[in-house]
Structure formats: structure tokens, C-alpha cells
Amino acid sequence: MADPRFFRAAGPFTVAELARLTGAEVGGAGRSDLSLADVAPLDTAGPTDLTFLANPKYAAAFQQTKAGAAFVHPDQAHRAPAGVTLLVTGNPYIAFARAARQFYPAPRPATGIAPSAVIDPSAVLGEGVAIAAHAVIGARVEIGAGSAIGANTVIGDGCVIGRDCLIGPNVTVSHCLMGDRVTLYPGARIGQDGFGFAMDPAGHVKIPQLGRVRIGDDVEIGANSTVDRGAGPDTVIGAGSMIDNLVQIAHNVVLGRGCVMVAQSGISGSSRLGDFVTVGGQAGIVGHLSVGEGAKVGGQAGVVRDVPAGTAVGGSPAVPIMQWHRQTAVLNRMAKKKDQ
Amino acid sequence: MADPRFFRAAGPFTVAELARLTGAEVGGAGRSDLSLADVAPLDTAGPTDLTFLANPKYAAAFQQTKAGAAFVHPDQAHRAPAGVTLLVTGNPYIAFARAARQFYPAPRPATGIAPSAVIDPSAVLGEGVAIAAHAVIGARVEIGAGSAIGANTVIGDGCVIGRDCLIGPNVTVSHCLMGDRVTLYPGARIGQDGFGFAMDPAGHVKIPQLGRVRIGDDVEIGANSTVDRGAGPDTVIGAGSMIDNLVQIAHNVVLGRGCVMVAQSGISGSSRLGDFVTVGGQAGIVGHLSVGEGAKVGGQAGVVRDVPAGTAVGGSPAVPIMQWHRQTAVLNRMAKKKDQ
Amino acid sequence: MADPRFFRAAGPFTVAELARLTGAEVGGAGRSDLSLADVAPLDTAGPTDLTFLANPKYAAAFQQTKAGAAFVHPDQAHRAPAGVTLLVTGNPYIAFARAARQFYPAPRPATGIAPSAVIDPSAVLGEGVAIAAHAVIGARVEIGAGSAIGANTVIGDGCVIGRDCLIGPNVTVSHCLMGDRVTLYPGARIGQDGFGFAMDPAGHVKIPQLGRVRIGDDVEIGANSTVDRGAGPDTVIGAGSMIDNLVQIAHNVVLGRGCVMVAQSGISGSSRLGDFVTVGGQAGIVGHLSVGEGAKVGGQAGVVRDVPAGTAVGGSPAVPIMQWHRQTAVLNRMAKKKDQ
């Protein structure tokens, strides 16, 4: 059970309710009316807990689970111990994610405006907006209904924040137009100047950065990540993209829909990612490149050329992933030979 | 045109004024009295816009530009469409940067002290200093005339900040002596303890960090970058150095004048960079090294030996850049052979 | 001498006091009653200063030091100039660290609660707790005696902070149980959601993150580092671990006691480090791995397999360190051959 200091489960929910929510079919012990109080891992779940099997590696734990109910793929359903009610579905992980969000919806901060927040009189706040202590909201800011601004967060003049956004504490936002249901984690920095200047031995000359950051609906940006605004064009984060902690996104970068950037990865100026590109941890993409839809960039890869849609790359400089595996294999072999 | 929610152009300026500012010569259509209202890229500029051609790659766009005036190198001037007034100069990018700053000077926050700022009575503030909401200014801090401190920023006891500095929101500064016209972007952390301790299985023993951070004039330090103070000697950032986001600079590091560090690069303790060194994104330099004047460290490079002045290195461990290109070429070739 | 704007030495201390503190034996000039006013490097130390020789590389400077007293290993003691009182010990660096902390104890912020702090009435503060300006302390938070919370820091509902902790300014903590004597540097982000979601072209589905962060005694976490809370299990930082700046620790990661993570390194979800593991700068460890006690991960290494206890690895993908050195040597040789 999650620590009640920090979490409180909604529910209970019946198997039938969860089947309806996720489109799963009830099987196994088949108790559609079973009331489930919480979610739990396979090995610690008890008779009123919901669990799941997504990775066949955990089949042994599944065969011994004492859970009341479990999401499972049809191919694995036969492994269930007697007595477990099954929720059979083609994608048990997504189904479990949906169910778990029923038990633990994203917390809504108390609405209301903290007396210590400093809000410019020209700011426009939608219904039910929450502004936490010491937040600072600039001139002409617009914040959509149901959004929450964390403590000590600063929203710069003119920014637009959509509905039901969750802006964490100690965040800075400027020069930004944001969609709905965006989540910014603590310490995210959005909209500051891009790194643009003309190099000159007499003193580098800064180029005014005249674009914005546009963030689509349902985007998440992790703790202490940085997204610079455009230099003239905008920096764009496509709807549904998930950005982890300590990620750098430079000016004029465009991310398509549903992109995933793992922690400490970075993209240099003006590069464009298609939809559903994934970028591994600590990977880097140099400027002015194009990474096609669905491409996968491996962890610590250094991308210095365009990446075609649907392909995978690894290594630094990055090459097609199979070529990279061959490189590491041949190098390993040669280094061993040197011993003999 | 830049979004008026966020930007307001100064001007207009005549071609003659901009020629005087940048030292360019008026050519092409030659309308010195042409009044320019804004800056714009080659492809979207209109008859009252100023643009530029710096990279020959964009020569085609230049040949079709509808801009009123354009900075251009003498070698490219013949490509200009009729009707465009030229501002001919040996370095069109720097000239454009200077002109663009006329149109869009760095924004000066409203002066004045926010009522919610907490300022130690012993702090000394110069004329026209701006302190934004919820900023905290420690004992004996000195802030030079014209400087601005962002919202929720904390300046620790004893720090000295020069004139016309722009310290962003949510910044932390301690143990720091800063020159004039320094810019710190949101979330920058300056002056905390270096990572110094004696390793001991009975418990690592922290070494007191007794130095400072000295920042020269005209330095910029990016969002969420970290600069630790010295352990005994100081950490020094030379005048005019440009540091991007999420960069780590460890204790006792010394950067010369005009250095450039791209996002997510890092320098370990006590290494020294000469003037005008450039460090690519995600590159790392281990401790106690010397990188000579004008050296270039490639992106993701791992520098483990001194780098002579004027040379370029790449790879991890870093080697001279041509050697690195040969390494990647030979490895690629060998990996392909393995296929056959 | 350390800049009195920022530092004030305790003391003076006699050689005899420091010998007692560190277990060193008095030798050389042997003045046990010599009163020492400060610590200093070998080359700048004067007759009332304490210094040390830990690295034989600095033997020449040691032979010319004008320090009053010096910690030194028995093997190097013969190199001391006449007149220097020696404090002879098997580990001069640790001894010096201990002595230096006598001269410069960790600064204790003034106790007391700033009037501008916002503290939930249900929070429980121990004796002598200091809360700086604009800090925000959530509901049911418990803070142990002698701990200090920095300016503009946000401690989320339900967190437990032990005794004598030093939480810097502009820090965010949530979902966290912390031991005693923990130091969090400015901008550290502790306890936010891990990066967990089920990927789905129709929109990635977030997995509720139901664990906590548990931080052991005497841990330090650097500026702008990020530690996500667990997804169900906890994220755990073992006692005495030292974490540098801009480090990423993902959900469910477990660090043993005394681990060291250098700047910009990162660990993906659910990986486990044994006691006293060291991770070099910019190194990455992928998820679900085990790194054994005392293992050493080189700078920029990319660990993709379990690392046995007591071994060292380097390279990306990481291999045993000797194998990595052979790889770089053979590659270098082959690239040179290509020239001929």
C-alpha cells in the first residue's frame, strides 16, 4: 500500500468497473463483482489488490500471486493461479496504467490564491485556478480554468497557460504559449533566451531572441529541464511529448507529437523531430538536423546526421544501430587479440 | 514580426543610422534614408524589414528576398535582387547582431524594489537597481547601479554584483564577486560548495570550500547551470564568456576571456581554459588539465589530457580531431567488413 | 586567508589539539604548543598556517613550504624543511580535512523563522530549526532539531526531515523521508514523479508514481540534481553518499552507503548500486542493473550490463577498464596506420 503520508487511494472499484474502463474481458476466477481496494506488484498483492503481468520475465511471480485480480495478455492467461480474477487484454500495461490512475488520480492542489502570491492586476485567471505561496504572475498572463501554479514559481509577462495545467514549484516560464493539461516539474526553465551570438574576439555579440516556446496539450517537462525560446521562429514541443529531467532543448527546435526524451539528453538549435521519436538518456543531437517519425536514438548517442523515419541509431557519432553493434563487437574482439 | 505579447521593437532606424552603427557601406539600391521598422529572416522580410546573408547556404533565399535592406559580404553582394538596399560588410552576422540589438535592446525590468523582497539592511544598492518580488538579498551584499534581480532569486551574504547585471528569476548566488553587465539565466546556481571530500570507508570527510566565484564583465551563464566556488583558490569565469544551459563548472576551474561552453558540458576541478576556448555540447574535461587558447573541444568529447592552444579534439577519450575522424572511419569500415 | 566577506576561521588551535583530533603524531620541528590561525596551501602558507602533503606530485612545494605545521605521510616526512612542525599520519588528506573543518565548521544559518515563510500549522518543527525567507512548508511536515531550510525552498506535504539537515535555497522536496545531517544544495529537486508511462500512439498513459525517496544520514545532493520518487518501491540514497551537481537519479534506484556520483552522471530506473560505488562524471547506467560494492564506473561510461563488485569499467558501452584501455589503444593505432 502506498504510504498514506503522501498518497490516498480512491475507490474501491469493482472488477466490472475496471473492465469497462479498460476494455478488458473478465476471465479466470471471473468475479466481476469483486471489490478492489488498491494496486500492488505481483509479489506483494493481496486478495483486494489489482496487479498485472506485462513482461513474461515475471511469469513465475504471476503464477504465485495472491492478488484478487490481474491484467494479463490472452497468451499468458493460462498461467494464472486458481482464484485470481483475470482482466484479459492485448496490452496489460496500458490497461493497468489506466486503472492505476483511477485509484490514484493526479493530485489537484487546493484551489484558491495564496495571499503571498504576487499577481499582476492585468493577469486573467480562469475558474478554479490555484496559485500557491510566493508565486509571481506577470502582466497580461492568461491561465486557463483548473490550472495550478506551484509555490515560488514565476510566470513572465504575456504568457498563456491552458486549462488543467500543473505547473510545479520553483518553475520559471517566460515567452510561452501553452496548451491544456501540461505538466511542468519543479525547476523546469521555459522560454529564456536561446544561446545565440555572433562570435567576435572583440566580444561576442548577442542576437536578440525574438521567438516563443509553444507547448502542445498533454506535454510533460521534467525537473530542471530547460527549453529555450526561439530566435525568430518558435521552439515547439508537440502534443503528448514526454520530457524527462535535466533535458536541454535549444532555440527553434521542433518536436512532433508524442516524442520521448530521456534524462540528460539534449537537442541543439533548429533540429526537428518527427512524431513519436524517442531519444535515449544522455544522447545529443546537433543543430539543424531532421530526425524522422518514429526514429529511435540510443542512450549516449551523438547524432550528427539526419536520421530517417523509423530507423534506430546508436554510438557517437551515431550510425544505424546494427552497424553500431558490429562496431562495438569488432573493437572488442580486436582489443582482446592484442592480449595474445 | 516578433509577437507583441512579448516583444516591442525600438526604431524605426534608417539605413544610414545602421550603417554608422555597424561600419557597413551602403550599396545595392542605395537608399540611405530608407526607414526600417523591424528585422526578419530572408524569406519573410518585407520592404521595411532588415535582413542578412551570412551563410552562403542561404544564397537562394537571398536572391529572392523582398527585404528593404540586407547586410551582406562583398563577395555575395552581386546576388542581391534589384531594389534591395545593401549594407556591405566583412562580417554580416556580427553587423546584423549589432543592428538587431538596436531594434530589440535587452529588456530592462522596471526599476524599483518589490515590497515582498527581503533585503538585509546592510545591503548597498546602487542607483536604479530593480529587485523583483520575493527576492532575498543577504547581509553586506553590494549591487551596482542599473542591475536587476529577478523574482524568487537569493543573493547570499557578502556577494558583490556589478553594474547593469541582469540576474534572472529563481537564481541562487553565494560567495561570488561579479563584474558588470553579467547575465544569469533562471535557475543558475553560483557559489555553492565544490565537490571536495576525503574518501573514507568510515564516512567521507568534507573539505571546507574556502574560495569564491569571480565572474568577469559581460559573462552569460545559462539556465540551471552550476558553478561551484573554489576550494581555496577561486573559480574564475573570464570576461565575455558565454555559458549555455545545464553546464557544470567545478571548484577552482579557471576560464579565460570569451570562452564558449555549449549545453550540458562540464569541467572538473582545477582545470584551466585559455581565452576563446570553445567546448561542445555534452563534452567533459577531467580535472587538473590545461586547455590552451583558442582550442576547440568537440561535442561529447572526453578530454583526459592537456589540449594545446589552437588545436581541436574529439572523441572519448579525446584525440586530435583528424585522428578522431580517422578512428570513426576505420571502425566503420571494419564493422562493415564483418558483414561479408 | 579565506575572504573575510564570506568566511571566518574558528581557532586558533594548537598543534597538540589538532594531533589529538586527528590521531597524528607530532614530528619535525615538534612544536606541540604552536598556535595555528588558519589553513593554507603549501605554497602560500605562513608560520601560523596549517598545510598538508597528500599527493607526492607536490613534494617540491612541500620542500619549500613556510607553513608552521603540516600533515604528512611517514614516507614523506623526511622531505620537510627544517622548522616545520609535522603531524605525521597514514592519511594526511583525511587528517587535513578533519582539521580544516575545525577551522571552518559548516556554517549554521541563524536560527529562527522568517516572517515571510509560509508554514502549514500542522508542521512540526524541532528545537532550533531555522526557516529562511519565503520558504514554504507543507502540511504535516516534520523537521528535526537544528535543521535549516533555505530561502524560497518548498517542502511538500508529509515530508520528514531529520536533525541538523541543511536544505539550501531554491530547493524542492516532496514525498521524502530524510535522515540526519543531510545537505541539499541549491536547486536540488527531490521526490517528483518518476518518468513512468505506458507508450501508446493514442497518447502515452502516465503510471501513478506511488513510492517515496528515502535519504540516509550524512548524504549530500548537489546543485540542480534530481532524484525522482519510486514508482511503487522507494528510491533510496544510502547513508553517507555524495552526489555532485546536475546528477539524475530515476525512480526505484537504490544507492548503497558511501556512494559517490560525479557531476552530470545519471542512473535509470530500478538500478541498484552496492556500497561505496563511484560513478564518474557524465557516466550513465541504464535501468534494472546491479553495480556491485566498491565498483568504479569511469567518466562518460555507458553501463549496459551488471558490474561485479570491486571491478572498474569504462567506455560506452562499458567494458572492464583494462579492456577499454586496450580498445582505445588499438583503435588509435589503426587510425594512424590509415595515414600511411
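Read from first to last, the chains carry the letters A, B and C; within each, the first residue is number 1.
As a convention for this text, a contact is a pair of C-beta atoms (placed from the backbone, for glycine too) under 8 Å apart; a residue touches a chain by one contact, two chains touch by 3 or more.
These numbers were taken from a predicted model, which means no experiment stands behind them.
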{"item": "Copy pair chain A, chain C: interface residue numbering same or different (half cut)", "value": "different"}
{"item": "Cα-superposition angle relating the copies chain B and chain A, to nearest 5°", "value": "120"}
{"item": "Between chain C and chain A, distance of the C-alpha-averaged centres to the nearest whole Å", "value": "29"}
{"item": "Shared-contact residues (touching 2 or more other chains) in chain B", "value": "116, 134, 152, 170, 187, 224, 246, 264, 282, 300, 316, 331, 334"}
{"item": "Residues of chain C touching chain B in the complex", "value": "2-3, 5-7, 39-41, 91, 93-94, 96-98, 100-101, 103-104, 106, 114, 116, 132-134, 150-152, 168-170, 185-187, 218, 220, 222-224, 240, 242, 244-246, 258, 260, 262-264, 276, 281-282, 299-300, 316, 328, 331-332, 334-336, 338-339"}
{"item": "Footprint of chain A on chain C - complex, ascending", "value": "116, 118, 134, 136, 140, 152, 154, 156-158, 160, 170-172, 174-175, 187, 189, 192-193, 195, 197-201, 203-208, 210-212, 224, 226, 228, 232, 246, 248, 250, 264, 266, 268, 282, 284, 286, 300, 302, 316-317, 319, 323, 326-327, 329-331, 334"}
